[in-house]
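Have a look at the structure below, then the notes.
Labels run A, B, C, D and E following the written order; every chain starts at residue 1.
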Amino acid sequence: MTAMLQVRDLSKRFGGILAVDRVSFDVNEGEILGIIGPNGSGKSTLFNCILGQLAPSEGEVRLDGRIVTGMRPCDLNRLGVSRTFQLLQVFPELTVRENLVLAAQEHKGTMLSRLFGASDAGLSAAADRMIAFFRLAHVADSRAGTLSYGQQKLLDAAMAFMAGPRLVLLDEPAGGVNPTMLADLRERLTAVNREGATFVVIEHNMEFVMALCRRILVLAEGRIIAAGSPEEVRRDAKVIEAYLGR
Amino acid sequence: QAQSGQAAKLAFIGELSGAGAVSSTNFRDGALMAIDEINAKGGLLGKKIELKQYDTQTNPGTARSQMQKAIDDEPYAILGPIFSGIVKVSMMLAAQAEIPIIMGGEASDLTQQGNAYLFRTSFGQQASMPKIANYVRDVVKAKTVAVVWVNNDFGKGGRDNFMKEMNARGIKVAADISTESGQTDFAADVVKVKGINVDAVFVYINEEESARFLREVRKQGLSVPLIGETTLLSQKVIDLAGDAANGVRGHVGLSADVPVPAVQEFKAKFHKRFGYLPDHNGIKGYTGVYAIKFVTEKIGKFDRKALAATLHGLTISPKDEPGILIETSWDDKGDIDRISFIAEVVNGKQQITGELPKLGK
Amino acid sequence: MADFLQLLVAGLATGGIYALVAIGFTLLWQTSQTINFAQGEFVMVPAFFMLAAMRVLDVPFWGAVVFGIALSTIVLGMAFKKLLVDPMLRHGVLPLAIATMALALFLKESVKDFYGAEAQPFPPLAAAVNVTLFGAAIAVQSLVVVALAVAAIVALQLFLNRTRTGRCMQATAQNPAVARILGIPVERMIMLAFVINAALAALASALVTPIYLAKFSNGEYLGMAAFIAAIVGGFNQVRGAIVGGLLLGVIDNFSAAYLSAQYRAAIPLALLIVVILFRPQGLLGRREERTV
Amino acid sequence: MTPARIVLAALALAVTVGLIAAPLSLKPYGIYILTLWAVTTIAAIGLNLTLGYAGQVSLAQGAFVGIGAYAAALLTTKGWPLAAAYPVAGVACFAIGWLLGYPALRVQHHYLAFVTLAFATLVYLVFRNEEWITGGIYGISGIPRPSLFGWSLRAPRDFYYFCLANLAVVAFAAWWLIRSPWGRAFVALRENPVRALSLGVDTRRYTLMAFALGAALGGISGVLYAPLVQYVDPTPFSLVLSFNLLLMVVVGGSGRFFGPFLGAMVAVLLPEWLQAADNMYGVFGPLADAARAVLPPEVPKYVAKHYLIAYAVFVMVLMTFSPGGIIGLVARRFAGAPARKPPAAAPAAAEAAS
Amino acid sequence: MAADAILALEDVVAGYGKMTILHGTSFAVRRGTITTLIGPNGAGKSTIFKTVFGMLPARSGRVVFEGADITNLGPRDLIARGLSYVPQGRNIFPELSVRHNLELGAVMAPKGFDLASRMAAAFDRFPVLRRKADAQASTLSGGEQKMLEIARGLLVEPKLMLIDEPSIGLSPIMANELFAALTEMNGRGMTVLLIEQNAKRALELSHDGIVLELGRTRIADTAKNILADARIGQLFLGGGLAEESPSRPAGEVIGSGASSPARPQ
């Protein structure tokens, strides 16, 4: 069985900086993979190269064995890969509900059927479920730009789930989310994972990553310096030195 | 008719804003001055003349609405518009309403469409270009010429007529140089003229551009004779260009600078009242009003149809109506005929070197 | 060859004018992220302040120039900032752009209605003589314009990047809310930007008007050309104005001479589009920030 | 329905009735400018799609009106019915608009403004220079008014109703599009193209579509302009028109459905009203006494004389009080709703907007 | 407690447009403490900071700093009095270099302020920033940008520092560094009012804690007491990640949002 996502010798150079340095790894169907590493170690850049936001300088990415390097993000997304960004990325002038509908509408029908079909593309019910789960009901019709930081963060994550993706790449989903909600979020990830979706999660909240992931990659200066189970990684001297501290 | 009220209503439609603002303001002020003079002497057939103004913004869409508005107000006659394109878009409306328009456009085709209510106040280009063509052939004795023209309806019309006349006279147009209205940098155009060998350059562009062109010619040291038609020799251009204008020559159709005492008197009055010197458009507006006055008094009533009919084929002489300034005739198409002049710029002044008789004589 | 040089020199002279006016765009963008579509009129109007001073107040030309610059700083700098810019500053680029389009109409029509529609001669600041450079004639005035444009750009560039005040002005433009939180006197920084802009525009007016003649409609084309120059040069850096301006002037002259005079107004633009497509931030502009 | 919506809907209904009844009491001039308003509004609706919703700056809308007008003029003066001009102009503008969208995939904001401006300049010069097809500076005159099923629309009133019907159809189509997923995708494109792309929104296709649809509506507007004025020449299609349309969209309320209607009213009708200000005592009839008590008679005279100055002042004051345009003002007045961009420059909001 | 309060809110009401977020919020911050403000997302924590710092007008109530009423004063006045504020989210000047961003933290520094040595100290604390001192700030990674902001906020030591969720995006090692810096400066006399979602961690190094809910102060107590309170632990501290969350609606279908997973087309 080939891995769902294969990253081979991926590099990204910004002028003199080699932000990602020949990184290779696999993501197997159904797993939750954690990626940790010091600030500036190239984690976000790695995501951007995998998903086509940036063109990698070298290397290739395969999805289900098929090369997807150079593919546009929207096409990748329609293959069932979705993501969140580290910095908030919602549509401030749209309401929460509209944000959610938008997040899945392009997966429904064709351009033409979207023009002539229902205004909500039949996604209202799904959006409402998402709103209820993330406790955004009281702000469901507020413009997303008026939400608090944590609320926007949740909305951002909710949008990534709207289209029922097979593979989700989350860049720091826990930052700014209050601990109670965080437990819910973790649980949701696990539940969706049980239904078959695969996750790659970048996170600095160790408690969250350790509880969620069964395998963790550690990136430093653009290279993978360690990989393994949470326990292995936690005990790795290099990881303690570069990342965990103490 | 409509003039049953206390006043005789005239309408002025012109390019009071946009590209045509300078010419139209001149035209309007000339008309205003004439109206005030007439009113001061008791009005027209005992009625005060009232002038309503409509601004076309030099935009055909607006022009049509303004013409419609003017017609809805039922004036006795319409003065303006000044730009040929604007005349073209609006003149049919007036014709349908049977209201005479005394306008300032100079494009040759305006009077070719059989509009029985349309009258010029100056030469159409079909009349002025043969004169300048003769001058180029007979006086300058040029075999090849360059023409520098401004690419708007004024310049293009002039250029097309000029080319036709040159062809008819077997003179070769070796360079055909289009410039933009509002252009400031004429270096490329002068370089082009310099690059070919011609006996004369015919310059047909607006006033400020003329001045800038002359300065550039002086700067690059070009020494070919520069021939102009009215605009290039106007006092305005001379003032703006300074001594770069010296030596320019050509034909002057209607101009506030012609050595006719009545015109000079008009110029002085105009300057006193408005604080600036009129160009030929001021005279066009002024004489346009007096033409209406003369004919109306002649027919003794406010009758638009009769006004139009009478003006066709009429000659008005300053002896009968001093306000006409120079003897003027209208033919059956509404085209105009007057004497005109040959002039040259010497020491920062326009000097008349000859007089051309009316065409009809 | 002589022709070529003549065209080049003339193009640089015209380009110098565009550059001088284009500074208004790049400066305002770098220091307040606003676009002033009345920038051309800001160069047209001060000449009339100066003419009016000579006519009404009967002051000598130099006095009139000083008066014109002072009055512009107040009217086109301070009053403009207080009355138009302040209410719209937080609402993005478009509302202010539209308001300044209306302002341009206002200034144009006011000059026309209250001063006159006719072009007026304007006394030259520098001697109105020509010099010959390698066989190409150029007006001394044009040399002064180019020199001043370069000097102004160098000075502003140094001021913005090398002084703390300059960097505070840039910070204010890039993130006013945070600038305020850090205690940067945001109001004063923005005011400074607009005052510098108005003073520079007035100076440009005194230099450009002898060549253009004083006329209410001068700003239309000048403003447009300067806008284009600023974009091609790089909108977010003051220095962009200089390359953009000179390039536009030179291409304009060469295309009019060698390609087509009838399409003169469009050919430079078409060529410059190519520049923009290859360098989306303009020639000397700074790259847009990281987006992901 | 929020109160603001109810007020707006009632207002829209009243205005619709007014528009239908208006010609009964207007002279040809009044009908003419109302027709001009309807025609201009169509072009403004198009630009509102491109700019207001999809956020793509275009200074070329005037050129598309021109292309539509020339297409209609050329066809109808050669004996084709106006109906033939719709598909020709619509498809041509759609295709050219689509092509013009390509630069927008690379450059944005003022850089895009420049590209579209260059295009508009070029189109204007083609109209002016290519005499063999466009008639050059002399233009094309004698454009007939159309007839509908044998019923001539020559009379101003008939042609007005024809244009009004066109406007109604266009408005409905635009409304449908805006509330469809496409409308949402357009807004997403404007607000955060990077995020939109990661959510499967094909930003390239939507960008091109936004340009093409906006351009097509510009073309339709031109198709009606030609028989309205019955003469086309290059001057009205210079950059001034593009800037004016931009002004209409923003002054009315960019990215708001009713914005272009109001904006076109300001740009087309207001100057006419101001120019007639000295007649206002006649126009307002019963209100005349009240007006006379407040305003000295010199004021309206002065306004009429300097009407463009008054117009410019109006636009500046409006933008100052309501940077969101007239719609923003209406929404604020009737609903007390907060302005679209809350004045509290909260860092979080600034962050989210960046 | 009020006697040694450096900052006190008295019945502060504030909000956005028609919406009221703070419904008469009151609390006090003792001088010389680290005080942590916690509460669910959208409780109004950031709104409190914005109101204190004059970014959002208080509709009624008072904000008192060192005994003086500072309600609705602007940032410049407040900085002059010794406050400073590091907001939530991303707050850099993207097109300026890292060095110039940092230096702007000292815009209102008092006379005699030694910028060079303070900058050097900041670079020592966050060595990445020194390495990238001349890079355009927007090219930094998310966490590096946050470091830059924190360094900028700490450049001049104020009397009272308002700092809103500074640890978002920081690696554990850098978060340690941040908290160490706060503790150290607190040791030199600076009062810190901190908002943190990593509440356990923050409370452990705080003296006092304040729990905010729906714009009202729910609890104000010492950090130790709050940490010890099991009820609070469950409601606001996540109750430990291993336990089952008590507040999730029962019977919720935790499926994916729309329908089935999209298949490759």
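Just so we're on the same page, a residue touches a chain if its C-beta (ideal position, glycine included) is under 8 Å from a C-beta of that chain, and two chains touch if they have at least 3 such contacts.
All of these numbers come straight from a predicted model, not from anything done at the bench.
Shortest hop count from chain A to chain D along touching chains?
Counted as steps through touching chains, the separation is 1.
Quick one: how many steps at least from chain A to chain E, stepping chain to touching chain?
The fewest touching-chain steps linking chain A to chain E number 1.
Which chains are joined by the largest number of contacting C-beta pairs?
By contact count, the leading interface is A-E.
So, comparing C-alpha centroids, which chain is the farthest one from chain D?
Looking at centroid distances, E is the chain farthest away.
Using the average of all C-alpha atoms in each chain as its centre, how far is it in Å between chain B and chain D?
36
I'd like to verify one number: the distance from the centre of chain B to the centre of chain E, where each centre is the average of its C-alpha atoms, in whole angstrom.
Once rounded, the distance between the two centres reads 75 Å.
Return the distance between the CA-based centres of chain A and chain B, expressed in whole Å.
So the centre of chain A lies 74 Å away from the centre of chain B.
Where in chain D do residues touch two or more of the other chains?
Residues 128-129, 194, 308, 342, 345-348, 351-352.
Going by the touch rule set out above, which residues of chain C reach two or more other chains?
109, 175, 177-178, 180-181, 262, 265, 292
Give the residues of chain A touching no fewer than two other chains, as numbers and ranges.
Residues 44, 53, 78, 85, 87-88, 103-104, 107-108, 146, 148-149, 163 of chain A touch two or more partner chains.
Which chain E residues qualify as touching chain A in the complex?
16, 38-43, 46, 88-90, 128, 139-144, 147, 165, 168-176, 197-200, 235-239, 241-243, 245, 247-249, 252-265
So in the complex, the part of chain A that touches chain D is made up of which residues?
51, 53, 72-75, 77-78, 82-83, 85, 87-94, 98, 101-108, 111, 114-117, 119, 121, 144-146, 148-149, 152, 159, 163
Where on chain D is chain B touching in the complex?
27-29, 32-33, 36, 128-129, 136-139, 141, 225, 228-233, 235-236, 240, 272, 275, 307-308
Applying the document's contact rule, which stretches of chain C touch chain B when the two form their complex?
Listed in rising order, the residues of chain C that touch chain B are 3, 6-7, 10-11, 13-14, 109, 112, 116-119, 121, 130, 137-139, 211-213, 215-217, 220-221, 249, 252-254, 256-257, 261-262, 264-265.
What part of chain A is in contact with chain E in the complex they form?
Chain A residues touching chain E: 14, 36-41, 43-45, 64, 78-80, 86-88, 100, 103-104, 107-108, 123, 126-127, 129-130, 132-133, 139, 146-151, 153-154, 158, 161-166, 172, 175-184, 186-188, 191-192, 195-197, 204-208, 211, 242-246.
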